[in-house]
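Note that the chains are named A, B, C and D in the order they appear, and that numbering of residues resets to 1 at the start of each chain.
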Amino acid sequence: TLQHLFKEIFKAGLELQEVDHKKELLVSRKRRPEDTVISVKGMEIGNGNPILIAGPCAVESYEQTASVADAVTKNGVRLLRGGAFKPRTSPYDFQGLGVEGLQILKKVADEYNCAVISEIVHPQDLDMACEYLDIIQIGARNMQNYELLKAAGRLNKPVLLKRGLAATLDEFINSAEYIMSQGNGQIILCERGIRTYERATRNTLDITAVPILKQETHLPVFVDVTHSTGRKDLLLPAAKAAFAIGADGVMAEVHPDPAVALSDAAQQMNIEEFQRFVEELVSSRFLKINQMA
Amino acid sequence: TLQHLFKEIFKAGLELQEVDHKKELLVSRKRRPEDTVISVKGMEIGNGNPILIAGPCAVESYEQTASVADAVTKNGVRLLRGGAFKPRTSPYDFQGLGVEGLQILKKVADEYNCAVISEIVHPQDLDMACEYLDIIQIGARNMQNYELLKAAGRLNKPVLLKRGLAATLDEFINSAEYIMSQGNGQIILCERGIRTYERATRNTLDITAVPILKQETHLPVFVDVTHSTGRKDLLLPAAKAAFAIGADGVMAEVHPDPAVALSDAAQQMNIEEFQRFVEELVSSRFLKINQMA
Amino acid sequence: TLQHLFKEIFKAGLELQEVDHKKELLVSRKRRPEDTVISVKGMEIGNGNPILIAGPCAVESYEQTASVADAVTKNGVRLLRGGAFKPRTSPYDFQGLGVEGLQILKKVADEYNCAVISEIVHPQDLDMACEYLDIIQIGARNMQNYELLKAAGRLNKPVLLKRGLAATLDEFINSAEYIMSQGNGQIILCERGIRTYERATRNTLDITAVPILKQETHLPVFVDVTHSTGRKDLLLPAAKAAFAIGADGVMAEVHPDPAVALSDAAQQMNIEEFQRFVEELVSSRFLKINQMA
Amino acid sequence: TLQHLFKEIFKAGLELQEVDHKKELLVSRKRRPEDTVISVKGMEIGNGNPILIAGPCAVESYEQTASVADAVTKNGVRLLRGGAFKPRTSPYDFQGLGVEGLQILKKVADEYNCAVISEIVHPQDLDMACEYLDIIQIGARNMQNYELLKAAGRLNKPVLLKRGLAATLDEFINSAEYIMSQGNGQIILCERGIRTYERATRNTLDITAVPILKQETHLPVFVDVTHSTGRKDLLLPAAKAAFAIGADGVMAEVHPDPAVALSDAAQQMNIEEFQRFVEELVSSRFLKINQMA
């Protein structure tokens, strides 16, 4: 019918404009068709060789961090995570060791020859943090803290940006654009589960976000299997799904003794569990043993 | 502290009871540790050999259905889907061919030597439908239509039960229990995406539902990649993720000419696209060419 | 800019068509500007005089039902609810007294001179139920059970249709259209909370659904304050908000002894609480004492 | 049964501890039963006399702001809003006039003898902003920007804290505690709609959040009817519901010429509409004409 024809024309017009608008973004694949590859201490992130990031939820002490770094690097993983500034729902929960935590990470990184990533929450801490960290993390709660994003955009340091807990993919992409618009294009996007009505998992892992973000942007895309599921028994299946659908990397939490962890005790693997986790990913061909380029 | 100790005791007690309650369900893996395997025309569903279900959203004619059946079986798929009774949001949209659609499916199944599955929406149609179908589908909108579930539980015919669009996994499992409590344990659970705030996809594929349902029940678990994503470009990545995370099967829509389909035009593959879909799943080792036991 | 102009034209075109489509619906206010007013045993529902529906979650016995009817009618309320067919998440929970429950309701309605409403879940029970009930309720789980809707559309009896737990307003309106398209236009729409991430309440009362439904359709709109909040302490504030925003009626649960109720014990008012509930609504001018036309 | 008894004991124990934990919060009503009343330029916020906050989405010029201030104060409203630092999804959208916007607000406040509120997004701007503003707003995107909250907690200035777009009430209350834990107890909580699957409104107004927040805390609770609904036609009904359910105030957007507004054009009232809005609220007794204490 004529009406139907008109409708299709209208739709096509709207989609065209939408596409135009997205094409303008610096992070858009329409603007830059090649994948962004980020070099971190001899690793290449986003070059097709999948990466693991592992480490404790929070840096609690030198000993705890070193013991995880030892296990992590022995399993071929060269990117260590650990929270120093911890945004917690309650002001009375453990808030992290702060700068001391960053110093521990740096020391451990040097000793175990690995790269380190940690979350920064205040714009004024970013320059200082660059001395200690190889990658700056911006957490889910701060995905629309545009002052922090803009400040991170003025650094010359890779930034891992987590999706906000109820952010649309469009908002997520625009938050990355806040960083890149200031000059810093070394951005890793990280899906970490979204908030839905379902309570069987801590959040709902939006797995198709991975191919969509890969299509829409030229940036590497990671999946945080710990925060998306909140369940140790789901880390391995979720990691397999993430790699199968095209994720450039997976982030998971490991703690030498999860039962006494100062935060997120229930969802961190112990070292033995982590070893099996890596072995399974390698034996099912989702991960290579050596993550160096 | 003493308070903490008490808290742990309370928690343990509550979890114990929760476990006890779930153990009682007939569909629970605690009650029956071995996997349920369902035999359909020489196929074994749930035996570890992944299955594809493919076919048009709606049965529109003998020719359309036969042309899909031809393509589907040539690609090694032996389970054909096609809607005869279509629950549509608007009463004025195409509601399916009804019994005529079932007859077409039966004819095509005989000619192409494949099994057929279709949705039934009225309790009184179930017995009639058993003459035409190898598997009865109960759709997302009817997941809590308990009269339909109970009637399906009195059949001797496999039932594929789709998750409701905002159902929790616990509600989903209980709906399966409604069927099994009436005697019919041949149940396939099918994740088909849940309703969330995100609009980049039609629904949000809750991928970790698969391992959770496999843990909690002994039933085969499928993923409908068409309705969960609503996007043709995501069918292949979603299917890979589904198989990687342990799904027993994947359901996808194929139509000889999607552009003129009477329903869901935008999300159905054409025959050529379907062929590539199968090839990619086979070459990435997620699917074997021959789905017969 | 030219592009902007085009965009506006496109938008206008789309909206025009959307409007056209909605105008065609029988339930649409565009099709019929005057309010539908439904007469039930001397009450006029939807004429601007707010109505209360009150009664137990489930009919458990003649005594229990009569004792609520006594209290309810003494407070000027003439519309009694009570579940006879109870759709429950678990097949092992109390499923209601069935036909016996309807008979109790009828008896009590005659004795206390009030109207009665109860949920029907199977299409084949509808005709039978019309002998006992003044209003047929179709519950949230069955909002898209189109076979039930169509069957209800062939009755000459008012139907109260509850919004599905994750239904959009557009889907809700279309479900009403399923009923009206079969000839029955005596439909009351009932907002009963939607499923969201928030857990402080059982569901999230979508209060602006009321004015939207009043704008889009010519049907009376009610709010179920019990199921939307799931909290006794919120029934009164929610009822005030519902009336303030223009609801034609409010539904709330009352039980002579909530602690021993066979379902939903935590959220039902006892008789004394109900009395205060009515008094407060009357004294704050949201409710008139006499609900007769 | 014995098991049931145990369950009740467990539950009671858990609830007791939950209560204990919440009692400890400084913002908790358990800790301080009396309402917090906040004095702003001769107004008392939270004393039972409902308040309106009105003004443009963004401060665009002196003339625009003064013309709204004129209309607003003529209608008895003495609290003017206007965005100077605008957090926008895209970095390329209008980001507000910044300090210049604050200066305009201050000038207008002096001329029209009203109080002014505006959002601040960077911790380092807070002290400066106190010179221009009577109330500091912290927006939904920054509800868990804890560095900003802690810095606001060190001010001696009222803070209006908006609920995050997918924040639970528990997280919202804890964010207020972040402010109060630093010494500043002059906090207004503002419900502004939550993100759900429904698209008929911009967000879903969680109206029962109002009585829950009033119960759980001793702080004044407002409702932003503009951002929760995103629809001009729903501002009045939503405001009535908000006042009926016990809100201490309502915030709404007014612009001299919404069609040319630099942000949120579709949802702002023009001056004539605002006048009717106030008149309706006064005539239905939800608002007094004079908002001075």
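Going forward, a residue touches a chain if its C-beta (ideal position, glycine included) is under 8 Å from a C-beta of that chain, and two chains touch if they have at least 3 such contacts.
Quick caveat: nothing in here was measured; it's all calculated off a predicted structure.
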Task: A-C or C-D, whichever has more C-beta pairs in contact - done: C-D
TODO: Just send me the rotation angle from a CA overlay of chain A on chain B, rounded to the nearest 5 degrees.
DONE: 180
Open item on the list: On a C-alpha centroid basis, what's the spacing between chain C and chain D, in Å?
Closed with: 32
Open item on the list: Distance between chain A and chain C based on Cα centroids, please, to the nearest Å.
Closed with: 46
- [ ] Could you check chain C for residues that touch two or more other chains and list them?
- [x] 166, 170, 195-197
Open item on the list: Can you tell me which positions in chain B touch chain A when the two form their complex?
Closed with: 166, 168-170, 194, 196-201, 204-212, 215, 228-229, 233-234, 237-238, 240-246, 286
Open item on the list: Could you list, by residue number, the parts of chain A that touch chain D in their complex?
Closed with: 24, 87-92, 121-124, 141-142, 144-148, 150, 165-166, 170-171, 174, 177-178, 181, 195
Task: chain B to chain D touching residues, read off their complex - done: 3, 6-7, 10-11, 13-14, 17, 166, 195-197
